[in-house]
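In the two complexes below, subunit A is the common chain; its partner is subunit B in one and subunit C in the other.
Presenting the complex of A and B:
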């Protein structure tokens, strides 16, 4: 997005003169929405960012939390929505590259990737082409740098046909004493390491800060080719530099390129810098302007003390990482850039780094009250048909087609693999029994109908997923994906999503330690995609041997449902795929129940009372039952009369309601009494709804009357085959 | 009707980075002394047998197929479509 006339006037005031073309380009890059957060910064202050485990909060390239004494997890989320819309393979791959480098900046070893993909209808040719390219781009890049993709979230919806959401996250571990937490000082040397700079990705952030053009194939300037080979060298060399204490500070050259990396660092530490642009290693001849704002991938800024410089460069040479000594930081507060002996820019760092924040106008769309009105008089469909339709829905069906393309085991840390548990579980190191759980979640339908509740529910679902594998949630990062912030009806969704995330995280006592914001997610006609709040969470497990997966384990175990079910079919998957309605009241977020139920589930897992756990979310109780059954290859026999359900009038409300804060548990056959005793001592609403069976079918009764019976084989082939069928 | 052998070559557009080619050039070709080789480009090649009334039609058909089925991405790739002996 080019600078507005008002912004140019402001720049004149800052400089006290006419800006040079180089200076204008620096301002355009840095003041883009993508780099400066000018429209979002004030609202992001609503998020709770502090907590006893937080080592590094928002502001750096990535945050860090202490998950065990002396062990830090560094994790972050990023979006590559716009690049992926024009070149899915490289767009998604460079997204992975960027998020991995963010993790490197604190000296951590990247151990896992997550991909949260909100994509178009697989029946649409362009959408399908995008899906395939995106998945291939992620898998090729992840596999080549040797970091497994262990978890994620997937959603298909027409609103994403031309503008998909590609949200990726990386998780790294590092001992707390090796965490790079130095302070750049005057005299420290600025080294740019990694790929030579080219013309690719020129002003890419500016590109990501405007709507897509009508013909996306004309956006070549903003596309970068991913280079996982160089990324791998950066991963290895930076970890070695960190372990030897040779580097004070590291920053990724991401959006805004060289300008953003230098200016933000200078501004954060009250410094200035002298840059000698002609010293930078280039791929082709570039003008000073191009050098300042190119977004060539796989480049990093290393800040090194003078007396350590030679030893640090030695390491870079050992790994064959190209580098240039670009300049030095000083105490002037000014960024001065020279090229061939000529000064091309002199800009105060602080003013360049932080444009004036804008509190954008915000207004709910006119049809909102229509959208959220309670739904009445639904016809009751044949239940077995409804179940089969739901289990085949691409939002529910097994995502094996996607994660089979990923290597999810490199590094030998993965304990719970994609598709087996509600979250992925990884060991801290291959020989450690301690582990972390990670998961990413969003529900674009919820947030498009009621952004506040929807975003709060994304946080809650992520929390439940972490709990379901037996981990204690430690921290979240977030990525609200919204439309055009200049349109009040779009900005309102962003505002409400941030408020929903902040509220729920605060209530749960889990901080949001970092994140990213993506705006301008709209098609060329100006329609925003379904606004989506993506949440990634990390939990801690003392013993990965005590984790729980969701597949049923035994025949004859009691099944208990934790939590009361309410008639909450609004905005549900059932309503959407069976009745074709995307509206209604989004299920009520229930933070205090989330906390109490999580405590209960964690105790049952720890005591070995619960042997399988699954959170009840998309598709409701029926889908939770089906998934546990399919994955364990064990049947179930359930009586819906036994389900604690307040105010439910119809059987579909019991089966498909998406009431929050619920878990479905398989209890060890001889421990039902213990489970109930603990529930009653903690005053938790639990229902013993049925039992696992050797008969391979999902059976639902209403007292003595059978109301639904589907053979497991049927469910399994629909669950496992539907997505592949659509994408093949 | 004849049968024609049509070759499609897909490569990154000039000016875009070609990491695989650069790695082959740097870590293989130059390392083993072939310093007279100045540049490498990597691409993908498809060879198709096409039934068509004439060679021009065979090439036209393949070009159309490449565009419609998005065999390449015009944003970053260039393609050459030609007849092979």
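Presenting the complex of A and C:
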């Protein structure tokens, strides 16, 4: 977004004179929505960011939490929606590059990537081209840098046909004493390491802070080009610099390029800096303005004490990482940039770093999707057809076509691999039995119908997914993807999503330690895509050998459903894909039940009572049963009369309701008594709904009457083949 | 440097720019046999006369896999030196990108093409070993099944009929078990050795198949046998 006339006036006041063109470019980059959070900053204060495990909260390139004594996890989420809409391959790849560098800034070793992709209808040619390019971009980049892509979330919807949402997250580990938490001081040297700077991605953050044009391919100049080999060398060299204590502070040259990296650091520590722009290593000849705002990828700012400089540079040379000594920090509070002996900019760091917050108007759109839908008048479809339609829905079907393109094994940490459990589980190191669980979640349909409840439910679902693999949730990061903040009807969705995230996280007692905001996700006609609240969570496991996956393990095990089911078909996948209706009341978020049920499930996992666990969400009980059955290659026989269901009048409400706070468990055959005893002592509503069978079919009865039976082979081929068929 | 006098077998794991499985290989070796001395050696710093008993070229994307996978590293000084020592019997194992380097360098026969379906593939497979011999397969029986994951984009092994006739029955061959060929490799070939078996290349990743906890249901950790073989071979000969 170019600067507004009011902003230019304000810049004149700050400087007390006419700004130079270089200074204007610096302000444009830094005051972009992408870099400055000027529209979102006030609302983001609603998020609970503190907690006993939080080592570094929001503000740095990435937050850090202590998952075990002495072990820190650094994780962060980022969106690359705009670049991916224009050039999916490089757009998505550079998203991975950027989020990995954020993790490096604290000295952590990146050990996992997640990709949360909200993409168009695979039947639409442009959407298909985008999907394939995005997945290939993530695959080629993530695989080359040796960081496994272990989990994520995938959604397909027409509203994302031209503007997909590409949210990526990276997780790193580091011992707490090696965490880079130094303070840059006057006299410290500014080294820029990595790729030579070129003309790519000029003002890319400004491009990300406005709507896409009618022909997105016209904006190709704002998309950066990815170089994973340089990223890998940066990963290796920064690990070594951090382990030797040779670097005080590290920052990524991401959105806003050199300007943002230097200015934010100076402002955060009350410093100024002198920059000699002609010392920077370049790919091609550039003007000082271009040097200041280029967003060429794979570049990092290293802040190094003078007496350690030579040793640090030696390590960069060992790894063949190009670098330049750009300047020094000083105590002046001013950023002074020189080029060929001429001063091209002199700007106060603090004023440049933080533009005035904008109070955006917010109002719910008049034509908002109706909250009530005449669900009870709908004809009841043949249940086996409904189940087959749901299991084939690209939102539910197996994502193997995507995750097999990712090296999810490199690093030799991935205990629960993609497709096996509700979250990925990684061991901390080969010598350690402790581990972490990671997962990303969102439901664009929920948030587009009711952004508050929808966002709250994203948090809750992420929480359940972490619990289902036997981990204790520790922290979240969030990424609300919204429309145009200048439009009150769009901004309202953002506001409600942030409030929903903040409320649920607070209720669950899990902090939101960082995140990112993405605005201007609208098409050229000004329609916003489905606003989407993406949540990524990290959980801790004391012993990765005791994690639980969702595939059924044995024949003859009791199946129990934790939680009462309510008639909540509003906004469900069933309503959308079987009846073609995207409306209705989004399921009620139930934080206190989430907490109690999680505690119960974790106890059953720890005691070895529950052998398989799956959270009940998209597609309801029927889909949870089908997935557990398919993955374990074990049949099930279930009586829906046994399901504790309050107010349900129709069988589809029991089977497909998306009531929150529920889990489906396979109980070790001889431990049902124990499971029930613990449930009753904790006053948890559980239903023993059936048993696993050697007969390879999913059978549902109503008392003695069979109402649904589908052979496992049929379900399996639909589940495993549907997405591949669409994308082949 | 006591190991130079034969106490601890020393294995070098060579790291090129873009190598990304070096640490995994080193920790898998140590997990299988804590009595091995394993070092990750940056390619510029590798000297054969440092007394290495065996050398491993791990997986990754050396030099970003520009040109062809493994092509640039194969022309490096390190690999040139390896050719010489391999001919003298030093055990050399190339995994994934390392296998591609050995083929590019002419140490092993064949060639690699992009996977048949055109996509990168990461999944667990089952393998069968035939003609097991040499230090890397010394504790493995002929026909033994090994499970481990593949992760590659250019893993389709190619060899012409004439070339195949020259290797079949004469060198160790590791094949994908029926139904597990992930990339369209000719003759289901997942790995081959040289005549003596001291040089072995394998596309799947044994280092990811050592820990029980990393092995998914329905598979066994098949990498252990390869690392146990080299540990035993270096102590007792092969």
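Here, the second predicted complex is superposed on the first by the 721 of 728 C-alpha atoms of A that agree within 3 Å, B and C clash if a C-alpha of one lies under 4 Å from a C-alpha of the other, contacts with A are read in each partner's own complex, and residues count from 1 in each chain.
One rule holds in what follows: a contact is a pair of C-beta atoms (placed from the backbone, for glycine too) under 8 Å apart; a residue touches a chain by one contact, two chains touch by 3 or more.
Just so you know, these numbers come straight off a predicted model, no measurement behind them.
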item: Partners on subunit A (subunit B, subunit C) - clash or fit; value: fit
item: Included angle at subunit A between vectors to subunit C and subunit B, based on C-alpha centres and rounded to the nearest 10 degrees; value: 60
item: Partner chain in contact with A:404 - subunit B first, subunit C second, else both or neither; value: second
item: Partner chain in contact with A:195 - subunit B first, subunit C second, else both or neither; value: first
item: Which superposed partner A:86 touches (first subunit B, second subunit C, both, neither); value: first
item: Subunit B versus subunit C as contact partner of A:229, first or second or both or neither; value: both
item: Partner chain in contact with A:514 - subunit B first, subunit C second, else both or neither; value: neither
item: Larger contact residue set on subunit A - subunit B or subunit C; value: C
item: Partner chain(s) touched by A:145 [first = subunit B, second = subunit C, both, neither]; value: second
item: First (subunit B), second (subunit C), both or neither touched by A:454; value: neither
item: Which of subunit B and subunit C A:545 touches, first, second, both or neither; value: second
item: Where subunit B and subunit C come nearest after superposition, their Cα distance in Å; value: 5
item: Touching both subunit C and subunit B, counted on subunit A across the two superposed complexes; value: 227-229
item: Interfacial residue positions of subunit A with respect to subunit B in the complex; value: 86-90, 125, 129, 133, 195, 198-200, 216-217, 219-220, 223-230, 283-284, 296-297
item: Contact set on subunit A toward subunit C in their complex; value: 139-140, 143-146, 227-229, 232-233, 318-320, 403-415, 417, 420, 427, 429-431, 433, 544-545, 549, 551
item: Complex contacts: residues of subunit C adjacent to subunit A; value: 17-18, 20-21, 23-24, 27-28, 31, 42, 44, 59-61, 63-65, 119-123, 149, 151, 153, 205, 207-208, 210-211, 213-214, 216-217
item: For the subunit B and subunit A complex, residues of the former touching the latter; value: 12-13, 15-19, 23, 70, 73-76
